[in-house]
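Just below sit the structures, each encoded as structure tokens.
Each of the next two complexes has chain A plus one more chain, namely chain B in the first and chain C in the second.
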Partner chain A sequence: MSAVPNKMPFDPGRAAYVTLNVVLLGFLLAPIAIVLVFAFNPTPYISFPPVGVSLRWFDKFFASSDFMNALWLSLWIAACVLVLAVVIGGACALALARGNLPGRGFFTAFFMSPLMLPAILTGLALFQSYLLVGIGRPVWGLIMAHTLIAVPYVLRTTLAVLHNFDRRIEEAAAVLGASPLRVFFEVTLPLIRPGVFAGGVFAFIVSFDQFPVSLFLVVPKGETLPVVLFNYMKFDLDGAIAAASMVSILLALAVVLVLERLIGLKAYVKL
Partner chain B sequence: MDRRIVLRHDAEPMAAASRPSPIAWLIAPALLLFVLFFVLPFGVMAVMSVFSGNPVTNPNAFLTTRHYMRFIADDAGIFHDALWATLRIGLVTTVVSLLIGYPLAHWMARMQSRLGHVLVLMAVIAPLLTGIVVRTFAWMTILQDKGVINTTLMSWGLIHKPLPLMYNEFGTTVALVHIYVPFMVLTLTGVIGRIDERLEQAARSLGAGRLRAFVEVTLPLSLPGVLAGSLLVFALSISAYVTPSLMGGTDVLTLPMLIAQQVGTSFNPNFAGALGMILLLVCLVIVIAYNKILARLSGEKGLA
Partner chain C sequence: MISRRNALKTSAGFAAAATVGAPSILHAQTATLKITTWGGKWGDIMKATVLPAFEKEHKCTVSADQAFPFLPKLQASKKNDPLYDVFHTNSNEQWSALTEGLVMDKFTTKEVPNIADVYPYAVSDKIVGVTIFTSAIGLGYRTDKGLTPPKSWKDLADPKLAGQRGGYLIPVNSLGQCHLMMLGKVYGRGLQDLDAAYKALEQLKPIKLVDFTGQMEKMLLSAEVSEGVIHDSGVYRYEGANRQPVDFCSPTEGVMALEQVLNVPPGSKLKELAYAYIDYMLRPDVQKLLAEAVWYSPANRKVKLSEKYDAKLLTTPERVATLIQPDWKWYNARKDDIDARVTKILKG
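Right after this comes the complex of A and B.
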């Protein structure tokens, strides 16, 4: 298809194809752009077209102790999840790729399965377990739940890097007399670092934006930001939500840029 | 690509012959996490669904099938409707996501310019990273009575009262499609990208039109990807909670909403467990089919 358009000055079929795709991209991106508009729109209700530019919703968002407590809790949980998921997921990826384990395919599928099962059921199952054991709903329980959902992301990005690198580099280091430990710290670890980092960034976002797993596991006054936003939206639809959304979106965009810098986005096309 | 094939070629006999290396122990923390916080909890859910109460704290709790019977008998006439609504919304979401996702995936897979590819990919991934609550909010601002679409149409004088775009299945489905289309695109792009473009070119040089070359060559070859992507989107959309409960209003009741009601307002975790098991069963069937297709696709089992 690539060589054909050059020969013809105008190709209606090709034009329709590109137009259709641009429209579809618009469908994907327009809602996000609209959130941006409402975050800066000064009216107390969602009105369109916007009547001006103001920062009052950002003021309201950052001045509200409910929102701020939730924001800090979410950031704190996401940071814990990032560390845990990177350590657990990274180690697991190494074991799967380098451990000569029998049943490797089974284990990989098993560790990926939290992504495929409904997250709300994972939340429900954990809620019932905590209830059964009688430990209530502690923050560490929420952190472990998020870690469970985040590990597959770290596993996927790290495995992608491990599969693409030449094992002979490690073998060469070993042949030249490096101990296994030294090979690991001086060869393997630096080489897989981008994959682990990328997975960590995903883990952070997955936890920060997590709703279904958190739903049953948060306590009143100890809710994460998505849960607070959800409860707020049931009764109010003002710009404060848009401002909160903007904060989340900016965070996500920053993450996408970081990801692209680290290992390129191409690794994620292979779902 | 070349390097990978060579590598696998000499690595495989070695891997088959040698025993697990000490590195294999690194799997232990993940295994512990998954057993304690994934396998056991789902076991607990299954146990709870067949008990009358909490079997640990309540000595009078007894084994029963009444939660499942309650769902099957459906005296209030809402459970079966909820199940059908869940499946219906999932099906429509899947079909529309496919219609929207396929052209985008095809465009992306066949794009020559690296920059263009990255830009489209970012546009697809950015919504994926914005959180379900935020994206649902975006659609509420667009579809509600005073939302972007209704206000614009009314100011142009095209309609006199707002169209019912939200608080029904339509609005729910629109938002769900937007939320899950990226998964469809990413799955399909990988599959379409692996189809040799020269096959289509050969068909065209033999006289087939562009459309015919696509319909008879590329489309059939991408069918496994279509199936895999569809199953993924279906599994995700039947378990959605945020979007149907905010966009559906009183019109829509799905299985996940029913589960949340049982936990939150009725406080009947045992019945919630039974509902969860029913949803889990539906999802497991889908997931197993998805994994089978993906394994056949990549030739390398389980490497999602």
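Right after this comes the complex of A and C.
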């Protein structure tokens, strides 16, 4: 006698859940797919459907000194901002979570406030401030401006990890004789690392893609990639924009994958 | 007594300091002229040829800002130490800048000798600073859509072009602003008849809007629109090897002028060099190079363009006479009201 195969009953709830996920993913990824199509379309203007496949726009992008200088500058600034935002944002989060500060709520809102202001106003205000004090528009001024926008991301993710943190582990380390500094580096930091680095990833991406703040603070031959792309679009709306966009997306993806390998961002997602 | 060892150490120290300090010493001696300039083909020619030649001739460095927006940055900088020494924009922004005391009114041949050779429109009472080039704003159209080539501004309102005509976000684009004034002239009593212009604008709906001429070019090239308001340069640059099925029409009612204007902020610390730059940009050889690169009509009467450019650009007094220069002072005084009204009409 043959066994009757178990047939899973149709689960409408699960089907709806999967469908919703597919639709959301499609909604998020469709623009990227369209950019990819334009990046390989050989016509000298944005058009659909594509008439062929060509690497000419990637050639143009990588051969252009304006684009390449802007790309390296954006990457360098984003790397600096990642470090600064992680240090400043992490320190702020620790102080807010552990410091028993009076007006903790106010300080949290204050440090998060750059996210509440339109970035273009932040850029314009900083531009006027820099000119007023006579420092011009140095690169470190641009890095500081990006850090201002990026710190809230690190602050938010680090505060979230600290909220779930079991302080008894730290207390146990202290009781066993570890100095406060050793407790921080060998107990606290490894446990909050996923949150800090997740914030760092956001800081990197926010800085790399930052446009409104950079708009007023870049100088000739010192423009970031988003600013160069914006000005390029005014005069030459062709596939080079799409190629540049694809390179930016792939770079951001590479950063996330590398960090996932190094510190395991999944650990943060599980918290 | 100084020992040989001490003398050598001291000399080495001075040499090291001179080497380290040399760039800053050199920089301190080389003036840096800060200008604004367009991107695209114009920017490529400027960076590759025009600016290096000026830098060599005047032993200076030119820092060319291509990142929009220019006027807000100039407004935000100190008047006695402006962000730019030479301000290159279209005429409408020059008038806005003049109202705030950010640029000069006029130049004389004492400051810019080549002004003596420009067409009258370049230094007319409608111009602040000096015009170095102009384009003619008219109608661009596809030649492969079976359309009757337009002859009049009124042809843009042809019902067959519904959803296939292109215009500009009037609050942010001078071609759009010029087109609005032209509608007043064509349908009403003149360039300043805004009531007639608004009524005519209603008739142009549905219309696709862009904020810059480069995007209008691409809309025409990709056939997203079949006809649109554009300057002649935006169509003629697709001549020859770049040939595309687009053409330009100078409507019978006249073409509006899209001037490229140079000016100097009064607070500039390099005024003499700024004047020299403007004079350089009006030189016939420089004018010819740029005119033929981007199909702009040169302001200098003495420029002799190659035949194919001369045939189409505004290079004779007769052709130049077809240019209509709007009163930007009048327009800017009413800009807020106009912007609110056109936004309501076009909802864009």
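Here is the rule we go by: the second predicted complex is superposed on the first by the 222 of 271 C-alpha atoms of A that agree within 3 Å, B and C clash if a C-alpha of one lies under 4 Å from a C-alpha of the other, contacts with A are read in each partner's own complex, and residues count from 1 in each chain.
Here is the rule we use: contacts are C-beta pairs under 8 Å (C-beta built on N, C-alpha and C of every residue); 3 or more make two chains touch, one makes a residue touch a chain.
This one's a predicted model, so the numbers in the text were calculated from it and none came from an experiment.
Judged by the touch definition given at the top, the superposed model places A:Pro226 against chain B, while chain C stays out of reach.
With both structures placed on the common chain, the touch criterion links A:Pro138 to neither chain B nor chain C. Applying the stated contact rule after C-alpha superposition, one finds that A:Arg156 touches chain B and leaves chain C untouched.
In the superposition on chain A, contact is made by A:Val218 with chain C only, not with chain B. When the two complexes are superposed, the chain touching more residues of chain A, out of chain B and chain C, is B.
Contacts of A:Thr43 after superposition: chain C is touched, whereas chain B is not reached. By the touch criterion stated above, A:Phe235 is placed in contact with chain C alone, chain B being left untouched. On chain A, the patch touched by chain B and the patch touched by chain C overlap at residues 45-47, 124, 127-128, 131-132, 215-216, 230, 233-234, 237.
Across the interface of their complex, chain A is touched by residues 34, 38-43, 63-69, 72-73, 76-78, 83, 212, 214-215, 217-218, 221-222 of chain C. Touching chain C in their complex are the following residues of chain A: 43-47, 124, 127-128, 131-132, 215-216, 218-221, 223, 227, 230-238. Within the complex formed with chain B, the residues of chain A that make contact are 1-2, 4, 13, 17-18, 20-21, 24-25, 27-32, 34-35, 38, 45-49, 87-89, 91-92, 94-96, 98-102, 104-122, 124-129, 131-134, 144-145, 147-148, 151, 155-156, 159, 163-164, 166-167, 180, 205, 208-209, 211-212, 215-216, 226, 229-230, 233-234, 237, 241-242, 244-245, 248-249, 252-253, 255-256, 260, 265-266, 268-271.
Residue ranges on chain B touching chain A, taken from their complex, read 3-4, 7, 11, 15, 18-27, 29-30, 33-34, 36-38, 40-42, 44-45, 48, 54-57, 100, 103-104, 107, 110, 112, 118, 120-127, 129-142, 144, 146-148, 151-152, 178, 181-183, 186-187, 189-190, 193, 197, 200-201, 210-211, 232, 235, 238-239, 241-242, 246, 256, 259-260, 263, 269, 272-273, 276, 279-280, 283-284, 287, 290-291, 300-304.
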